Every structure is written in structure tokens, then in C-alpha cells.
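You will see two complexes here that share chain A, one where it goes with chain B and one where it goes with chain C.
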Partner chain A sequence: MGKTIAITGNTAAALGAALSRPKVIAAYPITPQSSVVEYAASMIADGQLQSSMVQVESEHSAMSVVQGAAMAGARTFTATSAQGLALMYEPYFRMSTLRLPMVMAVAGREMTAPETIWSGHQDTISVRDAGWIQIYVEDNQEALDMIIQGYKLAEDKDVLIPVNICYDGFYISHLYEGVNIPEQSEVDAYLPPYKQEHVILDPEKPMAVDPMTPGNLVMKYRKSHLDAMQRAFAVLDKADKDFGDQFGRYYGGTVEEYKCDDADIVLITMGAMSGTAKAAVDEKRAQGVKVGLLKIRMMRPFPKQQVAKVLADKKAYAVIDKNVVFGWNTGAVYMETQAALNQLGYKIASLPVIGGLGGADISLEHMTNVIEKLEKMNKGDDEQECYWLED
Partner chain B sequence: MKEIRFHGRGGQGVVKAAHLIVDSAVQEGKFAHFIPFFGVERKGSPVFGYGRISDTKIDLKTQVYKPHCVIVMDDTLLDAIPVFDGLREDSIFIINTTKTLEELNLPDTVKKAAIVDASKIAIETIGRNIPNTAMLGAFVKATGWVSLEHVMENTDLLFGGKNPVATQTAYDEVKIYDLQGGK
Partner chain C sequence: MARDFITPKGDEGIYQIDTASWRTYKPVMDKDICVECGICLTYCPVNSIHKENEKYIIDLSYCKGCGICANECPKKAIDMVTEGDK
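Presenting the complex of A and B:
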């Protein structure tokens, strides 16, 4: 059943990738992701990983290299953060719209300016509508496990969409904790070699890739892409179940519910802060408060049915966003949650919360403060303006 | 759960020392983690880090605000950084210094002080003023939260050389003061 050793989140991501046996890796180092690239390179140099590592001069090139390799049918891996993702945007969008499956780890970092290298979800949130599947994880184990699951999801014939595994910079990338490293044979049993069938770039059978396409066909392709996105929910649920059966760790698929069953009020979080939210829920439950946590694992596509199902009978909820939506004075997860509930006909009191930008700490006290605001709303207080988790 | 706050300067090996504590705790079947917080990444700048050791899974992903233990690897930080902030009533304070207990003038919340000249031990053993592996010996003696055997084993695995000697020497030489009844 593998062995448990202490490693960083970046090492966990690199190991998750290595266990998935990618044929090509191309990546450019950027804080806080750098040690993913270093660790992958050292595994290849030491003969522990049989992959081609392509040294590139930028993230734009990194994504372009793996795009070519994926077009030729290879399983590929890369990783980045923030400004690197921004520089990668042009081939990033083309990767998903060419419907080439792969996994890219993102050590989430705030976007500049002001100059910052620290944690945030703004980088991946800003590209949530570039056609990729986005999954956010809470700790090092989940980062490793979801990279493996990510390939299962991306390569499924009903999906064929690249996947981002997003883990908070520093709070996970540099978090050092015990992680169970699965045996290679177990991973091989779960994730067989990838055989691409829908497109293969082959010099023996020349073809033009991505020629100028008229609008009526672009419409068809986009609709087909969006339809595939909707199929990803069920595919992730199955990938999660199969993974749990194989490795003993089930994550809940698109969302994780924590003590929601009898809850009146619910916190909604994404990523590393979810752990702190669990501790806050436990603390408040010990005081008799019926509070639960809904952890959004899949942000793209957004699991509106699952979110609505959990919130349907609740009195109030708060969404804590580690990102902002300019123009709305809230974060993206709040906007999406509201859209989901509205579309499905639910009207529930809600509180938008923003915190953790640029590595600002989201403390246990912040979380309990949010729960206390929800308790007041449950007793009839009006809905609140966006609550910023400042000092 | 025990919470630890680390203070040091870039180049002193704060992160690696914390990793060795986590390695040892995990090896002993406990749960442990460490979250580093760098300022600017350069030699000499103040470095912070937050560690936790627990018998149950640790969900928290935040800084440590109320430490059970504070480790200071450079005594010049005493004048620069609020190292005593948030100390619990029964906290353990571990410092690398040539100062005496009286000269340190510790706050009343410190109930156990561990004082060691880890820089001297480091220079005499590994030949460089990198006090992290010596500080581990003081940490083990003062807290007992992980075993000396595992820390030395992991120190040897990670650094080798005379580093385990530095750990053992500091373990033997550290002065522990029980301050339960006041100074």
C-alpha cells in the first residue's frame, strides 16, 4: 500500500506526475512552483523516470512543446504559477480547444501588481473560461492523488479536455507533511498507458492541424467542448470511486461535504483554506452550532447540481474566495454558487467573503468570525456586504 | 496538538531543521507539518515558519498564532522581530545565544527556557555557522516531542558528516531552566 513519508506539496505534485508515466515534460520554473520542475528533472537524471524533459525558455514554449507531444499522442505534464500562466495563455487556450488531454499542476499565486510571489487563486480563476477542467485540492496527499486522477479524467473518451490540478502556493507547494506514496504497480493498474485515437500527428500520414475554420464550425466545436465539460462530472465521480477502491482514499468527486447533513448554515471554500474551515466547523460544533463545510473541488465545470443539493435546505451560506471578480466586489466561487442556485430556483441568504490574497493568512479566527456572521443571518440579520478578511 | 513557531535568518537552515522534526514525527506514526514563510529569499533576512505535531490528522493550514514552543536561531532577532508574540501560558522557549537567562529577560509566559550556543557547536563540529542541526538537539531535550534517535538518524540521512554530532552535542550541552515558579 505504498509508504508514508514527509514531502512538500511540490514534491507530491512531481511524484504524482512521475507515477503517471508522462512521456514528455516541458516546464519553466517560477516561484512557488520551481521545485516541481527541479524534482522532475532530477528523477529523469537519476533514471527513476523515463520521460523526455524539454528545457524551454518560457511558459509559452513549455505549453507549446507539450501541445505538439500531445498531438502526437503522448501523455504529457507541465506545471506553472501566476505570471507564468499568464505568459502561457495563448497556447493554454489552444490546448483545451484542440481537445488535447493532459495534466498541468498550478501552484496558485496572486497576480501582479503589486509585486507578489505569494499565495492566491487569482491566476487560475482568471483563466477559468479557457476551456480547461480545474480541480482545487486541500493538501499534499490530495495534490499527488489528483494528478493521477486528472489523467484518468482528461483522457476519458467522453471528456478529452486538459485538467489543471490547482494547489495553493506556499500553503501547499511548500507545506511539508506526511504523504502516502502509492506503489507504481498500483498506479499502473489504475491508469493504463494512454492510447490517443481522436487525433494523431504522424509524419507518415501528413495533415494540416487547425486550419482556418469558419464560424459555423467554430460554433459546432465550442458546443461539443461544452457538452464534453458536462460529461466530466460523472467521469470524475467514477475516477474518484475507482481511485478509492484501488488506494483507499475517496474524495467525493466534484465536491466534498463536511458535516453538512444536519447543518443550518454552511461555509463554502476551495483549496488549502478548507482544512482551516474544517477545524472551525469542529470548534463551532463543539459549542452546539449546526454548521457544515462544502468544499468545492471542481471549479470548471462548476458542479451546480451538487452544490444546490447540499444547500437546498440550508438557512444561510458564506463563500470564502481567495480571488476577486472585478466589477462585482465578490469572488468567483460566490458568483458561481449564486448563479447555480438562481438557475435551479433556490433563494438562500448568502454572504460573500474575500480573504487570503497575496499570501494573507486565513486564520482559524477568520473562519469562526464568518460562522458567527452566518449565525446572525440565520436569526434574521439582513444579507451582508462583502466581508473582507483583513487583520 | 503542539504548535511551534520558528524564527531564524536566511541561510541558517530553519526550513531543513523543521523538516527533520516533521520527518521524525511522521516516522513515529504521528501527524506533523511545517509551513515556511519567506520574506525576500536572501541570506540573512528574517525567516519564519510554523510547525505542528499531533496524534490526529492536522487540517489547519494557517500560521501559528499561539505557539507552545518558539525556536529562535539568531539572538539578534530579539531586537528586530516580536518573537514572544502570542506565547501560551506554559510555553517553551529555545534560543541560540551566548547570553545568560538573566540577560535574556524572558516574559513570564515562558515556563521553560532552553539556552544553547548552537553557533559555537556548529563551528566546532561541521565547521560552519549553520546552527540548525545543533538547535535540533536543544529542541529534542527541551520538548521531548520527537526522539533524539530519530532526529539524529534523519539528520545523518539528510546532511551526513558531523551534523548528528552537532545534534548530540547540543542535546548534552543545552541549559534547560524550569521557570514554573517564576524566574
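Presenting the complex of A and C:
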């Protein structure tokens, strides 16, 4: 049941973390994530949250502190953005490859330069191959809910991989929306206390972790990590179903389909822009255009089977990326969608689209323009060049 | 110990390469001087030191003789001696 209140995405993230009862929080403030840290710190100071808050001097230290705590078996939380994530990269990679489950919220921000503090997916996209699970959300409620679900996914014995919950800076981090805050007892029933078994630092049984390891064994650790990544699809589906059964909100697991069943053409989006895309789909549907939306929720691991299943019988699709892949003149989600379809033997006309970089607006008109381009492609136009959503 | 290839743990050892054969000097611990502080275990880069029954044991089957334990021991309870001398 809980109660519904108007809060920002950052407050939703902090509340989602608090409801998950982390033992240790270490974070360093950075725009647009700062108020996550402020809110968590005030909850601890007010006695509403029983966690150790470690004030660190950098994001590198934040991730290192939670890494040690996680190795001792604690449930941990942190949050960051952009340059902070970049500074965190070294312990970030080690967190996942040590297979220490945790949840880190990322208020997505464009990478500098040019100097910008505004929204984008470039920060998390640029570290998509650092071994973490990455989930992108559309609104404040989904941010709160997915932090709770994130722990369920990360801590599953079949997974044991840390999770990023990525929400667009400002569009989610700073905008107020009505968010249902579940009761603590309900969250406790869904997410029991975590008991780590695969590695535990214990002064009574001293050992070092992460010794110098020769390549033939590194290969085995990597393969085991990649295998666990593939098991994450099913675990997220189950976490989503159990969450829906408990709280009444189902998200679809790895992807969300919106009016795709009878669609000829499909928009593919990720994160906050999906709301605008749904409005554009509704507008075009009212004009008789058979268009649907596929929202990618899980970017790492990439749900190629689920994406191919939705697109299999479609005539054309466009992927709107709020990031770029330098060297390909497209965004990452486009590249990965193409790779998935190619690997599974589908050939479907497609359009790469880039927009929303550095907080640039992605308007309803932009979305309907993309749908109109797809309509032309459906009639035989061969559109291949990347389409930039400019003013 | 069965290796699960999830988290690389020191106490599982590596034992893929015969690093003991690299040794020129070996660590020899004087148990009368040792105060069981565990500094040697903490500093050993390859986890060749284990704690068994409240005692610290140097596993020479893997130790490559780097001497870090001897250098770090606050009581100087570890001597590096030439292989074959003792």
C-alpha cells in the first residue's frame, strides 16, 4: 500500500535505497546526483535509516569503501554521475569482476567536453563493458522500484553482479512526480537481509582477496562472469514478477513493449525519453499509423532474444540514442540492436537517431518526425544515414 | 579447496606455476619471537601464509621468496635464508 507523495527522482532513489536497508553508504556529491547523498545523509542523521555513512574525498574512494564493506558481506549503496563515474572507473571495474553485488544509482549526465552538467546517457554507456548490469528507467517511480529490484537481482546466487540503476539527470533526478512509497514491511518481505556466502572477509579467518592470477585462470573467471550475465535475464524477469505480485507494478523485465503487437514500425528508446515516445505513438496511432514503442530497460546484459522477438515481424525500426559511439556515427543502442538482429538472422530496415545530448530537448515533434521517416522507409525509402534531432 | 571462479580468493591459492622453484631465499619464522599479529599474512602478495590453530604458517610450496613478510614483520621474527643453508 504505502503512501503517494510528490518527490524528485533523486529523493525516490534515496528512498529506494533506504527501504533496501543498506549497511554502508559511501558517496561523493556531483551534479545532478547530489541530493541523493544529501537525502540519505539526512535520513541517517534523523535516525530514520540505520546505515553507516562514510564521507569520502572522491568517487574513487566511494567505490573503494563500499567494495570493502561488500567484501565483508554488507549490503551497500552509492550514487554518482558522469565525471564522478569516470573517476570511479578503476574500482568500478574491480567491483563487478570481484563479483560483489550492490546497487549504484546513476543520474545520467553527458560527458565533458564541452563543459556540461546536463542530461545524457554517455556516462553509463561509456562503461557498459565494465562488467556491471545496467538498467535504465523512465520515471521517478521506476527509479525507486528498480533500486529495490536491483538488490534482488544483484544478490541472486545465480548472478552476483553489481547493478546500475540509470535515470536521466534533471529529467528524472530533479523533476517532481507522484511516487508511491511502499511500506518498509512490504519491502522487507520482498527483499530479505543479504547473507553473502561466496566471499567473506572475516578477521577470525584471515585471507587476502584477489591474488595475482595467471591468464588461464583469468579466462575462467571471465567466462564465469559472462555466464552469470546471461542468467540475469531470467532472474530479472522473476524479480519483476515477484515485485508486481507484491506491489502491483510490473515493468516487463528486460524490455517494455508499448503497442507493438500489430505494429509495422517501431521506435526504440531507453530512459526518460520513452514517455515522449509513448505520446508520439499515441498521436500517430490516432492518425491510423501502426507504430509501437520498444523500451530497452536492460542494456547490460543486452536482451537480444527479447528485442528480436518484438522486432521479428516488423517492417522498420528506429533507435533513438541519447549517447554516441565515436567511430560509428550512431548511438550504442542502435549498434547493439543491429548486432542482435544480425546474429539471430533478421534483416529489417533501420534508422539510427541521435538526440538529447547534454540535456538537449527531445520533443514530441522530434519523435513524430522519426515516425514519419519510418513510414517512408516502410514504403521503400532506403534511409541509412544517422538522423540528428537538432533544433 | 574447490574453486568456483566467482571471486578470486587468496586462500584458494593459485598453484598453476611452480613459483617455489624461483626461490633463492626462503623465509624462516622464529615461533618464539612471533607474536601472531598477522602482518605477514596481510602483506604476503600471494597468500603463501595461512593461519592454522592460532599460528601463522608459511607454505613453501608456493612462496617465491620475495621477502616482503620478513621486511614487514614488526618483531623481525622472519629471516630470509639462502636455499639449502637451513
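By our rule, the second predicted complex is superposed on the first by the 391 of 391 C-alpha atoms of A that agree within 3 Å, B and C clash if a C-alpha of one lies under 4 Å from a C-alpha of the other, contacts with A are read in each partner's own complex, and residues count from 1 in each chain.
By definition in this document, a residue touches a chain if its C-beta (ideal position, glycine included) is under 8 Å from a C-beta of that chain, and two chains touch if they have at least 3 such contacts.
Since this is a predicted model, take the numbers as computed values, not measurements.
Judged by the touch definition given at the top, the superposed model places A:276 against chain B, while chain C stays out of reach.
Using the contact criterion defined above for the overlaid structures, shared-chain residue A:220 touches chain C, although it does not reach chain B.
Of all the residues in chain B, the ones that touch chain A in their complex are 18-19, 22-23, 26, 31-37, 58-63, 65.
The touching residues of chain A, when paired with chain C in their complex, are 98-100, 160, 198-199, 205-214, 216-217, 220-221, 223-224, 228.
Considering their complex, residues 4-6, 138-139, 168, 170-172, 174-178, 272-273, 275-276, 278-279, 359, 361-365 of chain A touch chain B.
Those residues of chain C that touch chain A in the shared complex are 4-11, 13-14, 16-17, 38, 41-42, 44-47, 51.
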